[in-house]
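As written, the chains take the letters A, B, C and D, and residue 1 is the first residue of each chain.
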Amino acid sequence: MRTAEMMQTYPAEINLDRDLLARTVDALVACAQACTACADACLSEDMVADLRTCIRTDLDCADICEVTARVLSRHTGYDANITRAQVQACMQACKSCGDECEAHAGHHEHCRICAEACRACEQACAELLAAIG
Amino acid sequence: MRTAEMMQTYPAEINLDRDLLARTVDALVACAQACTACADACLSEDMVADLRTCIRTDLDCADICEVTARVLSRHTGYDANITRAQVQACMQACKSCGDECEAHAGHHEHCRICAEACRACEQACAELLAAIG
Amino acid sequence: MRTAEMMQTYPAEINLDRDLLARTVDALVACAQACTACADACLSEDMVADLRTCIRTDLDCADICEVTARVLSRHTGYDANITRAQVQACMQACKSCGDECEAHAGHHEHCRICAEACRACEQACAELLAAIG
Amino acid sequence: MRTAEMMQTYPAEINLDRDLLARTVDALVACAQACTACADACLSEDMVADLRTCIRTDLDCADICEVTARVLSRHTGYDANITRAQVQACMQACKSCGDECEAHAGHHEHCRICAEACRACEQACAELLAAIG
């Protein structure tokens, strides 16, 4: 990821701490990929019928994290209201997906790793949200 | 769009009113496309330098509406918390983008139409949010 | 959808026929939504284990159609090479997904409708590809 | 990124070399983020009017890389035809965007870094394409 490097070259003010922002974007992008991969791994399990909710939550969380990373990668015309609301939605998605994956972590390594990615992302979003105010 | 038709064929319960859901998805998808097109039209205007905030807000709103439409198109493993938070974020994006585009509606037809799409989408999201509770 | 209306307000030249472009964008957006909904409906079926390939192809086709619609909604700095390659990839996704859903059309109405959306989208992409040259 | 780790936990066969796949997904995700950030940085430059094509190509390349990463993150129901066509489209997007950003690399550090990300991604896609056959 070249997130921090790109942020350093932004030609105008950035309204939030650049290190925190870059760290959050990286956590979001890693979580989105983990969720996409986890949904697909669940789909290949013998017990796929028991993993329906997990697959669905993975798909939502992947979509929401990806879009939140995009919003946080833009600094021009910053609108705290949009950023705050989208980061809040993302925290909720990471919480729900982390809970769901954690429930299967004992049986499926992909759920265990994905739960970790969700927790790390939820935590990064919480720190950013505190900074947005 | 075949949203309503697809919804009628869903093989399990749907936790929200199907007509309202389908209407909201269609409003989201139309708003996302209008915002993508408006960002690009603004980029081609002579006065592009005055439209930076409008372009940025268009991009955010397009991304957020698209993802919200995806979340609302899934009914398996429904999680009211994710849906509610994402619809709230989307309402905020539509409000900000509608305000921004409306400010340029007198000069740019694409902003006028895009503002209308944002208002319609914000309204649909508000009705859905009331139904989610 | 306000695709055609937005296209009429674009302030510069558009390198392709506007009616054809707008029709294709609308077909792509409708196909993307149908594929997202079909993946989720398949996930709720009792026989979900037999629908793994269908779910996966639906997810790919939804993603690819959505992005192709975005590329075709932008006219500034038109690059025929990107457009052509992305539309070709989209035709392939629609063909694969149409074939897969058609195979289940007798058992699942959502697959039947989704296959129709894929065929319509593949056809629109083919016409656009001929126009791109 | 936890791409390689997630891939190791996939419960079935993967039709392509896992290291190559994971490396490509990581290159795609990094390129997508760089392109999103570069589009936004260009939008903030004084000379934004001269960067229209760069912004547009950045947006296309971000969208296409993101979706290609998703397709490559799924292994269930592998369809070589979709993967091949989407990776080809992505190589074209990375080539066009790399060329465009390289032309501004002397003036804008964000374009220089983004061009590097595009070249690395194009190279990774070329290696993967050779493996797909």
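Here, contacts are C-beta pairs under 8 Å (C-beta built on N, C-alpha and C of every residue); 3 or more make two chains touch, one makes a residue touch a chain.
The structure presented is a predicted model; accordingly, all values stated were derived computationally and were not measured.
Student: Please name the chain that ends up farthest from chain A once chain centres are defined by their CA atoms averaged.
Tutor: In terms of C-alpha centroids, the chain at the greatest distance from chain A is C.
Student: Weigh B-D against B-C on C-beta contact pairs and write down the one with more.
Tutor: Counting C-beta pairs in contact, B-C comes out ahead.
Student: Suppose each chain is reduced to the average of its Cα coordinates; what separation in Å results between chain B and chain C?
Tutor: Those two chain centres are 19 Å apart.
Student: Can you check how far apart chain B and chain D are, centre to centre, with Cα atoms defining each centre and the answer in Å?
Tutor: One centre to the other, that is 27 Å.
Student: Which residues of chain D are in contact with two or more other chains?
Tutor: Residues 40, 43-44, 52, 55-56, 59, 66, 70, 74, 76 of chain D each touch two or more of the other chains.
Student: Can you name the residues of chain B that touch chain D in the complex?
Tutor: Contacts found on chain B: 40, 43-44, 48-49, 52, 55-56, 59.
Student: Which residues of chain B touch chain A once you look at their complex with the stated criterion?
Tutor: 52-57, 59-60, 63-64, 66-67, 70-71, 74, 76-77, 79, 81-82, 85-86, 88-89, 91-93, 95-96
Student: Sort out for me which residues of chain B touch chain C in the complex.
Tutor: It comes out as residues 1-3, 5-12, 25, 29-30, 33-34, 36-38, 40-41, 43-45, 62, 66, 69-70, 73-76, 108-110, 113-114, 116-117.
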